[in-house]
């Protein structure tokens, strides 16, 4: 929803745009047009929710991890993602909205999370594909966001990118081991790539031409590169990695363009893209219900912690 | 708790005893001393509860049954046991107490169930041992109870015995197949016998000398044979069956006495016996909690059925 | 091998196999004893239907038996509806899941009685009696809960809302269905969709419940081997002994 | 092979292996994000301790590695406490289970730091820092819930009552424990029982909770391979891939 900039004080708006153009970070205390704030409220909270909801498809396999090493790596990885969620909720709170409010919007369907997590993870190979492809796509996006104009968000991205690349390597290693395993493991790895390839391309969002938020957020340097550029970077990086370990990208039209130096792919199935965004993916309901249930089942614990905290404070004051 | 017979009308008591001695069944409408009624209330309800609680250790493996045939047989067997529970609750209700009241006593710990079901069923071989040994012991008991003096209980026993022997054969067949299987299956079968042998002997209760209810219920022909006689019948029948398929009875002192024509065994570990009866067996809490949970979780369904029934009745009356 | 016939037979077989598995898990958990026995009975009927169909599928495939098909396939080689994978959260879900499937089974087997494939027709002839009873039983329960107490109406309505998204798959027509329907072997899912909608509407109306609308929800259905995340954990239990002792017979 | 040392090492290893498994299952289910991360952290510590001990046990046994021990044993060859098999019914059970184990781990590892077996002593030296933190964390939660709201007091009291029967096993001394204690390798469970009772009493008092009494409840404990019925289903998940693809490495 584009905000009516004409309502804003032109002088402040000009100063604000000048800071942006001069690559000066905007900090929580600084003046900002309402549209800028709302844009970030939507984007940072969605990013935070995605990290937390993303714990579920991987949590689905942590109890069936096939080795001590892979179990430790997966537990640590999911824990990192939860930690990323924390960084991002803190960044989002600097915009004047509490985490409870953000969670309420999520539960009411008013806020979203990355719709790639609405796909199921039916096999162990998905732990490889999610690390390699989904985290891989997220990294391309987050490296670019390190240069976002809003200070807290940019700093959160710098910290997250350090850990995220580690996750991508772990995911790729799972695929590599499986492609060097038995016939069943190779088939499982290829099947997983077949299911996750297109959803990871969809993570970059619609073509810029039909992306509602794109242009304004580019102007405000919230977003530094276009959806299609970022997607292309991901494709060019990932296709050779697949070929290196004998995996076949599920796209008959995939070919390398010598002149441009880029891979060309078929277009994305945008019906599926919008269908899953609208809430009709395989796991939309399951993910949200799971998050709501954990939140509601935990209310008594949060209330107890608050009540206990109050009692201690009162004791301190009266002591 | 022995009832004070001296309170009873001596003439009626004498007529009642004459009927018992003449092997005439006592029916719900007939006069009976309060002690007789209370003894049956305790025994039949305990028997009914045992059939129902007995569904849990077998339900524990129905989702891991290893073949379609064994899954069908196990499901049908558990269903039969539930059906036996129904016969027995009906018989118990003829004594003037409702099933709800019996269930409440069970949940309050005032009524018991066969403490053999307080042992866990950790392996598939236990489906064999429970059928062969536990149902086997129950059959010896129930064949004798077919001649119990209380009509409804005796008739219930006749129906149950027909199905029960079928279950014992199915249990024995599982053990037989496993003893003809691989090394792991043979070990699993022997381990299962080692765990269930003594608990099934305990099913016959304490030696008659120290059984609180025995003598009075023998006089009233509620109980037709002593605990030790019934146990001996079971031992003599079962030991050869074990040896036939290569299973070893876990009792170093087991030996056949040529003169008496009976097997002699070590004595039972009565500490363990009373410990489990008192509620300290491995699964006492789990079995009862499971039954309570199913009952409490189902309250809204029972209430709805009752409310709906009432609405229909009212419609009929006003129509 | 006739791939389409093999897959179609497994679609029918696996619905019974997985739903009977869920009903087996619910043993000793029902609201009262009579209902526990009745649900086990439904489970036994479905398991019996499934066994006959698995036997047939094993013959079509060759080299395997019905136990191998039941206990040794990879997850993506099972072709049951997503609906039957839904866990036994409480009695409302168990009976709502049952009702929505019973209506389908009733109209599907009614057609399959006349299937050109005698094996499938034979299974249908036996099954039609069973599923007719299943349908009557679960319809009565939907009505009792819908028109029972305030609490039961709210709860059963919510269960129907939650499970509704899984009903779309019942009527998905793909090349396998079309090919076999043309040969007079498979049922006509478009006809069944109408009958199903009509019957469900009737029962919900008598139950004073509202009919949820139907979002198309999944990209890959169970009918093509794409399962919900519930399936893996179900198979971990069901396949445990087969996986651990592959050569053993029981 | 030194049977007693092998079994004693596995007793320590399996407590960490199975409890970390339960904590892994609880990922994304905690009352709020920070607690989710903290519990996963505890799980990672325990899994790390377990891995080091499983490596040692594999060396003692010979011919197997720590992954085989973790994922391929028969149920009766695992020697963990029954307590760690208890499912994550809700947060109250997760934190009560953790607290009762943390107190034991703290005093047990405090002694094992001086174990005559260097490998066990080495694990203890690393673990003592971790379990000290675990104990502080879970004690604080027992106090918060005990002295929080009426509802939290009632609920955490019930969880402690339900789990109390599993604590007896912690202090069961059998020949294995005695033999190794005499050699200065294993800890003195009688001393630990007193320390445990005292610490638990302290925390419960501050939490305004009552200390349940302690029925002796089982005949065969996990320490001797006799498990609760929860263990089989846990292993069905944990061993799934190992059972299905015995030769595969991942």
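All chains are identified by letter, namely A, B, C and D, in their written order; residue positions are counted from 1 within each chain.
Everything that follows uses one rule, which is that contacts are C-beta pairs under 8 Å (C-beta built on N, C-alpha and C of every residue); 3 or more make two chains touch, one makes a residue touch a chain.
Being a predicted model, the structure only gives us computed values, none of them experimental.
Trainee: Comparing the two chain pairs, does A-D have more C-beta contacts than A-C, or is it the other way round?
Mentor: A-D
Trainee: State, to the nearest whole Å, the distance from the C-alpha centre of subunit B to the C-alpha centre of subunit D.
Mentor: The computed centroid separation for subunit B versus subunit D comes out at 37 Å.
Trainee: Measure off the straight-line distance from the CA centroid of subunit A to the CA centroid of subunit B, and report it in whole Å.
Mentor: Chain centres of subunit A and subunit B, defined by C-alpha means, are spaced 58 Å apart.
Trainee: Give the residues of subunit A touching no fewer than two other chains, as numbers and ranges.
Mentor: In subunit A, residues 64, 184 touch at least two other chains, as defined above.
Trainee: For subunit D, jot down the residues that touch at least 2 other chains.
Mentor: In subunit D, 232, 236-237, 240 touch at least two other chains.
Trainee: Show me, using the given definition of touch, all chain pairs that touch one another.
Mentor: Here the touching pairs of chains are A-C, A-D, B-C, B-D, C-D.
Trainee: Using the touch definition from the top, list the residues of subunit C that touch subunit A in their complex.
Mentor: Its residues touching subunit A are 74-76, 162, 165, 215-220, 226-229, 231-232, 236.
Trainee: Taking the touch rule as given, give the residues of subunit C at its contact with subunit D in the complex, in rising order.
Mentor: 232-233, 236-237, 239-240, 243-244
Trainee: Provide the residue numbers of subunit A that touch subunit D in the complex, in ascending order.
Mentor: Interface residues on the subunit A side: 52, 55-56, 59, 62-68, 70-72, 75-76, 78-79, 82-83, 85-86, 89, 124, 174, 177-178, 181-182, 184-185, 290-291, 293-295, 297-308, 311.
Trainee: If we count contacts the way the header does, which residues on subunit B are in touch with subunit D in the complex?
Mentor: Against subunit D, the touching part of subunit B is residues 57, 60, 64, 120-123, 184, 191, 195, 272, 275-276, 279-286.
Trainee: Which residues, counting only subunit D, touch subunit A once they are in their complex?
Mentor: Listed in rising order, the residues are 20-21, 24-25, 27-37, 40-41, 43-44, 47-48, 50-51, 54, 66-67, 70-71, 90-91, 143-145, 147-149, 151-152, 155, 237-238, 240-242, 245, 247-250.
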